[in-house]
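Before we start, here is the structure in question, set down as structure tokens.
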Amino acid sequence: MNTHTLPEAEAYVLSEDTKAKLKRASTASIATQLYKRGLRNQFIQGVRPVTRKPETMVGQAFTLRYLPAREDRNPLEVFRDPAHKQRVAVETCPPGQVLVMDGRKDASAATAGSILVTRLAVRGCAGVVSDGGFRDAEGIGALDMPCFYAGPSAPTNLTKHEAADINIPIACGDVAVFPGDVIVGDGDGVMVIPAHLADEIAEACAGMESYEAFVIEQVANGAPIIGLYPCTLEENEKKYEAWRARTGL
Amino acid sequence: MNTHTLPEAEAYVLSEDTKAKLKRASTASIATQLYKRGLRNQFIQGVRPVTRKPETMVGQAFTLRYLPAREDRNPLEVFRDPAHKQRVAVETCPPGQVLVMDGRKDASAATAGSILVTRLAVRGCAGVVSDGGFRDAEGIGALDMPCFYAGPSAPTNLTKHEAADINIPIACGDVAVFPGDVIVGDGDGVMVIPAHLADEIAEACAGMESYEAFVIEQVANGAPIIGLYPCTLEENEKKYEAWRARTGL
Amino acid sequence: MNTHTLPEAEAYVLSEDTKAKLKRASTASIATQLYKRGLRNQFIQGVRPVTRKPETMVGQAFTLRYLPAREDRNPLEVFRDPAHKQRVAVETCPPGQVLVMDGRKDASAATAGSILVTRLAVRGCAGVVSDGGFRDAEGIGALDMPCFYAGPSAPTNLTKHEAADINIPIACGDVAVFPGDVIVGDGDGVMVIPAHLADEIAEACAGMESYEAFVIEQVANGAPIIGLYPCTLEENEKKYEAWRARTGL
Amino acid sequence: MNTHTLPEAEAYVLSEDTKAKLKRASTASIATQLYKRGLRNQFIQGVRPVTRKPETMVGQAFTLRYLPAREDRNPLEVFRDPAHKQRVAVETCPPGQVLVMDGRKDASAATAGSILVTRLAVRGCAGVVSDGGFRDAEGIGALDMPCFYAGPSAPTNLTKHEAADINIPIACGDVAVFPGDVIVGDGDGVMVIPAHLADEIAEACAGMESYEAFVIEQVANGAPIIGLYPCTLEENEKKYEAWRARTGL
Amino acid sequence: MNTHTLPEAEAYVLSEDTKAKLKRASTASIATQLYKRGLRNQFIQGVRPVTRKPETMVGQAFTLRYLPAREDRNPLEVFRDPAHKQRVAVETCPPGQVLVMDGRKDASAATAGSILVTRLAVRGCAGVVSDGGFRDAEGIGALDMPCFYAGPSAPTNLTKHEAADINIPIACGDVAVFPGDVIVGDGDGVMVIPAHLADEIAEACAGMESYEAFVIEQVANGAPIIGLYPCTLEENEKKYEAWRARTGL
Amino acid sequence: MNTHTLPEAEAYVLSEDTKAKLKRASTASIATQLYKRGLRNQFIQGVRPVTRKPETMVGQAFTLRYLPAREDRNPLEVFRDPAHKQRVAVETCPPGQVLVMDGRKDASAATAGSILVTRLAVRGCAGVVSDGGFRDAEGIGALDMPCFYAGPSAPTNLTKHEAADINIPIACGDVAVFPGDVIVGDGDGVMVIPAHLADEIAEACAGMESYEAFVIEQVANGAPIIGLYPCTLEENEKKYEAWRARTGL
């Protein structure tokens, strides 16, 4: 009865070209492009990088849903079960994808710790996002893989969270995340791009990033923003074309 | 991969005897009995009766999970789909059961309105609980069926909530609710009794309610609580036995 | 520099016809009609009726903005000034209009009390809405005029709020309210209809209320909601037409 | 080392005269009088009457402080101890006084239930205030004694609260409450009057209530508030004197 | 009707001398001096430096008020309007002043981004403060100008905020900010000094900073704080005088 | 009446051996060990290091309780009193112990500043924890002693907090802290170990840290976590024994 038939999202495969474009895009530009298409609520609220990596995180979403933990179902022994959903998620999230966790915005306990996140990094995953806490957060911050969370939290996930479902649509920081959606994270936080829009958004952002690089140079040199950002003066259009020709950006 | 194998909960059928006992129990007594068994987090936080009915709500949980609504997936037209999950949940929640909704504690939009809740009442459901809002709340309050919510909210559920799953384990007011769990609601709010404990808890509460009726009578007549509540004096034990013999309670 | 040129809102005059239609509309229906037109955020969050009046509140917005109170600017003596903005607002809000107050969602102090609200009622205003507190709330609840607030609060407004502006655009419960917007309040709370949409929304709601009255009757008599709400079966369309012919609703 | 030497508060005894005046005062008037004396933070935030009684609650504070409950210190058996602080507080709060509880604004569990509150009522206490929850709230609401709480909550206090201290200064709803302070509660909520100011505030309120009764009559009859509230016109002063002479209020 | 006549604030011009003193003052000292004068609520709550600059931010307030964004009024095209209030504010905030934004404490969307803030820096403004979010926060953090915000947020301001007024009194982080007030920011956050008190507070802080530098040296060398901080022993007064003579601080 | 008889906690003296073990333990391991013993709520919520020190903070708790500040009791002059509780706490917290402050989770004002915290450091205390704010937070961050707080806050403690009790049981970040409990802080935050469990927990953590060091090495080298963490395969047990023999960890 609970079939989540999302053919377009599940079928979508992030191309290298789109991935490369999104690596150069900012979450701010992505937010603007989604806004333009009527999507106002794709920024995961309340999460931040464990530590900021120079590279932008880009990958499709692989999801894990947590329920509130009931004491009798969550003794420490559950981790001995090789089918424990948290462990399975960490071992099955495909390389290149981002593990996104629904911790119901409750960071009073962890949703993962450094051992599990190290495993994700070693397996070649593109990143991890949780709207709950991480424990051993310093160890996580030392990894190369970008990681986003609601804050450090020493208590084991069993204290508040029971891993319940793998790869179903979830809520994360008030945003719906469907498996296959494209997740992008930088210093501002994390955006969720619906899979069917990813190529189009990536393309649109490439243009924006180019124009904004020009604008920031102009502004740094004393240009006023009116007429320049956005471009409403022909003169600025010409300057931009010249700048592009010159810089190749 | 997302099999929620909860044989005991799904297999459990609430007997008429247990139901009758729970109808006479308070949520306070149930909370104490669960506390005694190590379960401290079974009270749904942040919900209240739309209007208080004289009778206590008792029934097994039938669940509906909402995701955050994404604008492009939730035009008003989705309600024309006969398979829309919210509508299906309302038409399939079995008579005698309680529809429990996971609205992620967000009452800034409705999770149901008076037409749907009227349909549940007509279908013989035992009640409805949501940690989101209800619209047309006055109409809902006028029904005979007990209804619990986080507050009135005019916006349609599509504004914030997309019905996503029927009868899977959910979070409601920070409590895990598994389909088949026994839901009890009164003036204090709503308790979730794990299915496998329902008979035992109902039995234990019957004893408590009897003793507390005796205590309240004693206290109203001037008895001090120490030694009486809980009973640590043989004298009070004897008085209670006499009272039981006399009243038959 | 701060001209708020909103010709359409300021020029709009609520007609008796539109007012009458909105008196029969629910805030839920209005929310749906606004949602259909892309407006998802017109429900004032966090306010409730002081006591529910049988009649729906309808009137154009007249606004009052409060700033955080700075101690040296707000001794009790400020009320002796005949130009004190709170007092002036109460004396100048036109009959038939709703005084809407921006209390920055801070109900730890009052934004008005029973004397001022009584004055508004005597002056023929249509209602009052505040996302802050009201003091002497029981006195306010006894008036005939509908009043909406974030909760009772004994401290004088000077404790937290300095009345600063009359009839400029404000925020109230996370919604933008422009002077002249049409404000509608019932048991679910308060909706803000942009002035230029008021006639159209009123008209659309009239149709909805008629159909929903038919639906609720059908549902009460055992009809399932699928195909009926919304109407997707020709059969139900015919039944509705017959019902309208019969009832004149 | 923890001597709370508050001679003035502990030594203060509420006179029948002051008590009678405060019974006729509103918490709004008290708040204004305290504001005038530089005290802006004496309104207990976040509490409301369980059910509103016709009479205003007035009495000196007797306090109980709760700590967060540690699981190993709070099995149900602790209630068998005749020295359990919650039970002792209920049995020792003097008649005529108000039991004020510091529940750290956490209403996710109860701080008292109907049996204990009934005992307080039978013992002649003037009321009870908690910034935590009450269980069996309907039973509490049915008592004659005024009771104020942050909301109904079925879980036993042991779930979240360990009774730790009797009659030391506490925090309640963000207000400091010293044993002996005068507590006044009505429909708006609860004010804390420092003991040494109680007589003076009561006296000042008597005058205010008289003038406000006159004002509300004038306003109901169509008088504008400017010049009347506060009184800045000699004409209104005269009218008030005549009204007082006529009504004896 | 909405004249904000604040002659003293608008007329006040921050002198170089006062500015220099405030550059050496901490927000902690300023808070204490304002507290001494009865002003307890001048610390902007909930904002922090984007990145901490070695120099303290000092400048008079130039303000921008945002309203909640209504969807139909805020398509991306509004930025093409050369009179858009956000853009105009950025181009008109005088050099040496601080742009303070009222984002209603809502950081779920940006109130500015790196291009606009770069423009402010190039124009010689003294800083920027918002109780909403900033996008491209890393770019902002790389500027020399001190910037304070409630957190990074990728969504464009149009998502939640409509720029409505320039240079009227606003609320920022629960503090009233009047145009012309003196804004000081350091590692602890941001203080608002009412214009008419700025010279006096700056002077008083100079003395405090000198004494505290002495104290911290004493404490580092093993002196106890009682009798030293504050100075209540003549011996410490003498030591301080000697220290001042020696260090010239 | 308020004797806090906690013989075991007060009598407990942290041994050098246990201290050394806890210095090598993470708060995450401690949380797990406490969880195993039924203690789920020993992580102080909402506090973070002012700046992270390389060494873990370990020491027994010495406590300070703040009440909400009443204006008339808290002029700046109170600091001239050599018996002011905040100052006394700072001068009497024993070397090697951690000063833990109950600021009722209110960081809108400071609970300490750099002068007092410097004094604690000079006196050889092991650290300081507050669920309120610190002022001059940069100065505090520059000290060698680990310090944990809810955030920087310029206003003096008198604005919101009155120091009321020294070394009684308190609440800090929703956790009960008894004088003598063992406090451990690292990058994730702060754990409270009940005194009677400290030796046992320290011992158990030593084993965990050893095994986790092995695990992280294995995972970094490509080992999957299932069967390894926790160890459920004999093969991994053997590998671990070999690793221990080799590394001596």
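When the chains are written out, they are named A, B, C, D, E and F in that same order, and each has its own residue count from 1.
The rule is simple: a residue touches a chain if its C-beta (ideal position, glycine included) is under 8 Å from a C-beta of that chain, and two chains touch if they have at least 3 such contacts.
Everything numeric here is computed off the predicted structure, so don't read it as measured data.
The chains touching chain E as well as chain F are A. Among the remaining chains, those touching chain A as well as chain D are B, F.
Using CA-based centroids throughout, the chain positioned farthest away from chain F is C. Chain centres here are C-alpha means, and the one lying farthest from chain E is B. Note on E-F: its contact pairs, compared by residue number with those of A-B, A-F or C-E, agree for more than half at A-F.
If you average the CA atoms of chain D and of chain F, the two centres end up 36 Å from each other. Remark: chain B and chain C have CA centroids separated by 33 Å (rounded to whole angstrom). Mean C-alpha position of chain B lies 50 Å from that of chain E. With centres taken as mean Cα positions, chain C sits 39 Å from chain A. Touching of two or more other chains is recorded for residues 40 of chain C. By the definition given earlier, chain contacts exist for A-B, A-E, A-F, B-C, B-D, C-D, C-E, D-F, E-F.
On chain C, the positions that touch chain B within their shared complex are 26-28, 30-32, 35-36, 40, 43, 45, 48, 52, 186-189, 191, 212, 215-216, 219-220, 222, 224-227, 229-230, 232.
Chain B meets chain A in the complex at residues 1-2, 4, 37-42, 67-72, 104, 106, 162, 164-171, 174-176, 194. Residues of chain C that touch chain D in their complex: 76, 79-80, 82, 87-88, 90-91, 108-110, 113-116, 118-119, 122, 135-139, 151-156, 158-159.
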